[in-house]
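Shared between the two complexes below is chain A, which pairs with chain B and chain C, respectively.
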Partner chain A sequence: MTSRKLLSEAKLWLVAIPVLLWTLIPIYHIFLFSISTKDSAFSGRLWPKEPTLRNFGTVFRQEHFYLHHFWNQIWNSLWIAVAAGVITLAVATCAAFAISRLRVKGGRTVMNAALFTYFIPAAFLAVPMYKAMGTYGLLNSRWSLVLAMVTIASPYAIWVLKQASDKLPWELDEAARIDGATPLQLFRLVYLPLMLPSLVAIFTYALLLTWNEYLYAFLLLSHENTIPLAVGLGHFLSSDDSPWEILMATALIYGLPPAAIYYAFRRYMVGGLTAGAVKS
Partner chain B sequence: MSAVVLPREGLPRKSFSTWQVWGLLLLAPYALVFLVFVLYPVTYGLWLARNPESYRTLFEDPIFFTSVVNTIFFLLIAVNLKFVLALYLSGFFVHERRWIRWLSVIFIIPWAVPAIPTIFSIRFMFNPEWGVVNTLIFRLTGLDGPNWLTNPQLAMAMAMGVHIWKALPFWTLILMAGRLAIPKELYEAASVDGATAWQKFKYVTWPSIRTLYLTSTLLSLIWTLGDFNSVYLLTGGQPADKTHVLATLGIRYIRLDQLDHAMATIVVALPFVLPLVYFMMKRLSIDDQKPS
Partner chain C sequence: MASVSFSSIKKSFGSTKVLHGISLDIADGEFMVLVGPSGCGKSTLLRMLAGLEDITGGEIAIDGRVVNDLDSKDRDIAMVFQSYALYPHLTVGENMGFSLRLRSERKDLIQSRVDNAAKILNLQALLQRYPRELSGGQRQRVAMGRAIVRDPKVFLFDEPLSNLDAKLRVAMRAEIKALHQRLKTTTVYVTHDQVEAMTMADRIAVMNDGRIEQLGEPLELYDRPANLFVAQFIGSPAMNVFEGLYRNNFIEALGAAWPVSGARAAAGQRVQYGIRPEHIDLAATGVAAEVVVVEPMGAETELLVKVGDRTLTLTTHGRSSLGPGERTFLAPRLEHVHLFDAATGARL
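For the complex of A and B:
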């Protein structure tokens, strides 16, 4: 019996070890490069002979050609992500309230429009959106990326908030109406406080989506004063002899905050609409 | 639709239209976003793509043909491989062990982190000259490793690998949720009847999660079609523009200032995309009509 148990346990490890390596090697490779000097980075060692934090210093002091605007780019990333998060949250909360609680006429049509946007591949929407942003004169303004990300993030946000809102008891609305509450009072005093956890989750979702976005960022923004860090990282590829160890240090700085936020809000982040869309 | 200011009355029944007006006002911001950033751009884009001439020149572009072939292979191989792996791993992660739960937290990292750092990392690992993979191959065997990213077929395979690396955790979790919803009694009953692991999968697990599996695959097909990062950040379409897929080709035409070709590329894919989008919307609508 015990030997059979041992065998089944060994089988599990036989799956676990490849999974662990598969997942972690590219991550470890970033970390390894970022703490290596230029010479030892390419030696193929699993741990550098003299681990160093110098690469991070180079990044923070903007001492490399590709990094002259590092702090500006971080600021842009943050500014755009927060703006897109706030606007998405506001737009989606209002829409979800109108559709779910006020049962507004046309709510269903708007919901379908949102779902259509959600399912269209983002890389396909990028082409007409690029053209439209040009027509609006927004290209190279940070607002173009903010508004594009609001467009992409809102559908999922509305759906999730609508699902959460549908679960609130109707008696609350009725009681508020009988007491003579206006729709705004219902919204402010009943709806918003009850929805708070979902609102936090949606803000986080839009924030991360925007911070992580590359395609729209590099399409809509190209001026060095407006590009976010994601596009700045892409510039490293413009020459063959890029300083990989510095790129990897920058990439680590760029990737850590969203990963940390993701893990902090993990239980809100997976599933959602997709689970709703695919559940049998 | 005109936002007439209605007199505020004390009686709830009379103020019904006030509530409707407020509803429309609150719906307006998103409706505006949709009109300005989806409906108008898409309509205008389709209008730009009306010229048959742009399709003729598009079809004559050898890069377009290569990209279509690449896209088909990418969808068929990457999506199916991803889902077979996700199906298998979801069975692994449902084991109730503390260390497996920890492993699942690590396993989600590729999904949790932004695309650029990790894809660049993989790109450097597999750089034929300096990358750690070929360095190790050379050190162990004395031979030069393959040109991972400069051989078009191999580079496409690598892009599929990157795509799977990034998306696998998400779909594994979705299928895991499906597996966890299956009542344990079914497995216990099967065990009592002396069923093998394969029989349990065939007669208990698969019938329960088949619909989930197929719907997930369809959804993933649409999203994989729009996967720009896995290809662009890894190969940039190189060498010689032989590793493009439709998603990166459309963007390439934009960069070349050939907007009509960019739109035409997308229009060509629409007969494939729209039925899938319609199907997914239908599914969600059915879900939505369930009594609340």
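For the complex of A and C:
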């Protein structure tokens, strides 16, 4: 290895190590808390004297006041995230296909409008959204959060899928048209299979966005049985003497599904969100 | 099989007119090549026939039936694209049978038609492969297979060989021609390569700037180009053309007297004198010239010679003993001299 190469490698490590620590320390912190007993949680040690898995047992058996609805709430989280992912995907895919491949009139306007929505912070829309959901009688229904998250996720999803669609060779559509494909057959038999990596990426994006959402979930859902786990976790902080070790054990469990999903689809995430960025 | 007829076809993109009223009749079973420089409208004309572009004015008929308002799929045509346009997620076999699958044909019928096309194109061993696993030439054959499977009335080719390397292009040229001779399907073939046009066509339509400059059989175009554009476009190396003044039996140009036969223009008229490289002989007398470059090609030799301030090309059979800087004399063959009106470019 030349000294020049060595130097550039060293520079890379100089950046990578702090970033890695920055990311891992909080996670290690959560992990440390979750395997500590209540007394030793704040001992300041790097490894607890008597590591224990009892906290997880407490969580799974719903044996704590704040955890009486744990399984219900994690099911809510999952249900809402999957529903929001599926609907976002459906909306964005149809929009991208219509704008990019069928070239419907006004497509550009829709794209610009979609981009424009990001000038308005999501928190700004919380109150109008609350009002709208109230008007339709959806407050405290899981659908309210699903619809809110679809609203928030769709513009970006449409934008990304439209860009990815534009990269598909136009001749494929023409060949399919000459082969006798109707627009729906084109969509089903040519467009969807070729867009698969981007579709997986966008589905995962919407799913994780919703899974991690707190503000809207907190606002739109208030019943113990309808809130997702993210809001349930927040409830831990409502007492003066929070059971940190159990909160962290729950948080760790809550963090595992997104990590697993991301790991499973990482090939699509990188490929899908940067599709066509370089010449293949 | 079918005839194709274009009558007064016009096309505009916004305010830009790209086709100015093209009329062209293609006979049943004919191999028609549309050739011209890029931007001449040849691809647009083909795409209008395919139903991929709207028709601004005029009528297109296939087998006597006007197809202006028919969808591509109802025109009974098949098209081979320059980029092959194979479906990347389908195997070769699925690609070829796709159109039949869309029509909900029976599986065994699709299978037999695909097998039959694969046999014609020698693709049997590749049916289970994906397009990404094929070479350029194989992909182009699959694209042709996809067209054959449909058994259409008309084959359309849009610069199908442009993405292939030179050697493969020659091989595929022969393959397409052989295919046409076997299937006898009416074919419209677009290319910018005049060699492709010359070697493959039954008839060629030379297009320029949205018009057909000349329509005819390849050698007819070569021997009697209707105007300056066709004269310079058809033939490789290109025809030597230079301007001069018509005198009674010679042309005064480049400081020399160039022989012509017969009275073809008025004395003193400005004309363009055209002579193909292989129609100039080296002689002991004639137009004095100086050899600039000698390009031996084996079977023939290409010479670049300087007359006055112009460099002319000439081809001689066999080898040449001349070297750069040597002086020689040119003798154009009278019967092969082309004269064009200097103002209009029309043949005289």
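As a working rule, the second predicted complex is superposed on the first by the 237 of 280 C-alpha atoms of A that agree within 3 Å, B and C clash if a C-alpha of one lies under 4 Å from a C-alpha of the other, contacts with A are read in each partner's own complex, and residues count from 1 in each chain.
Simple rule for what comes next: a contact is a pair of C-beta atoms (placed from the backbone, for glycine too) under 8 Å apart; a residue touches a chain by one contact, two chains touch by 3 or more.
Keep in mind the model is a prediction, meaning the values are calculated, not measured.
Within the superposed three-chain arrangement, the count of touched residues of chain A is higher for B, of the candidates chain B and chain C.
Judged by the touch definition given at the top, the superposed model places A:68 against neither chain B nor chain C. Once the two complexes are laid over each other on the shared chain, residue contacts for A:194 go to chain C alone; chain B is not touched. In the superposition on chain A, A:23 makes contact with chain B only, not with chain C.
When both complexes are overlaid on chain A, the residue A:234 reaches chain B alone and has no touch with chain C.
Of the two partner chains, chain B and chain C are each touched by A:180. Across the two superposed structures, the residue set of chain A contacted by chain B and also by chain C is 177-178, 180. Across the interface of their complex, chain A is touched by residues 50-52, 71-73, 77-79, 81, 83, 85-89, 98-99, 102-103, 146, 150 of chain C. On the chain A side of its complex with chain B, the touching residues are 12, 15-16, 19-20, 22-27, 29-30, 33, 42-44, 90-92, 94-95, 97-99, 102-107, 110-117, 119-132, 135-136, 147-148, 150-151, 154, 158-159, 166-167, 177-178, 180, 182-184, 187, 211-212, 214-215, 219, 230, 233-234, 236-237, 244, 247-248, 251-252, 254-255, 258-259, 262-263, 266, 269-271, 274-280. Those residues of chain A that touch chain C in the complex are listed here as 169, 171-172, 174-181, 185, 189-190, 193-194.
Those residues of chain B whose C-beta lies close enough to touch chain A in the complex are 8, 10, 12, 18-20, 22-24, 26-27, 29-31, 33-34, 36-42, 44-45, 48, 89, 92, 95, 97, 99-100, 103, 105-118, 120-122, 124-125, 130, 132, 135-136, 139, 165, 169-170, 173-174, 177-178, 209-212, 215-216, 219, 222-223, 225-229, 232-233, 236, 247-248, 250-251, 254, 259, 262-263, 265-266, 269, 273, 276-277, 280-281, 283-285, 287-288, 292.
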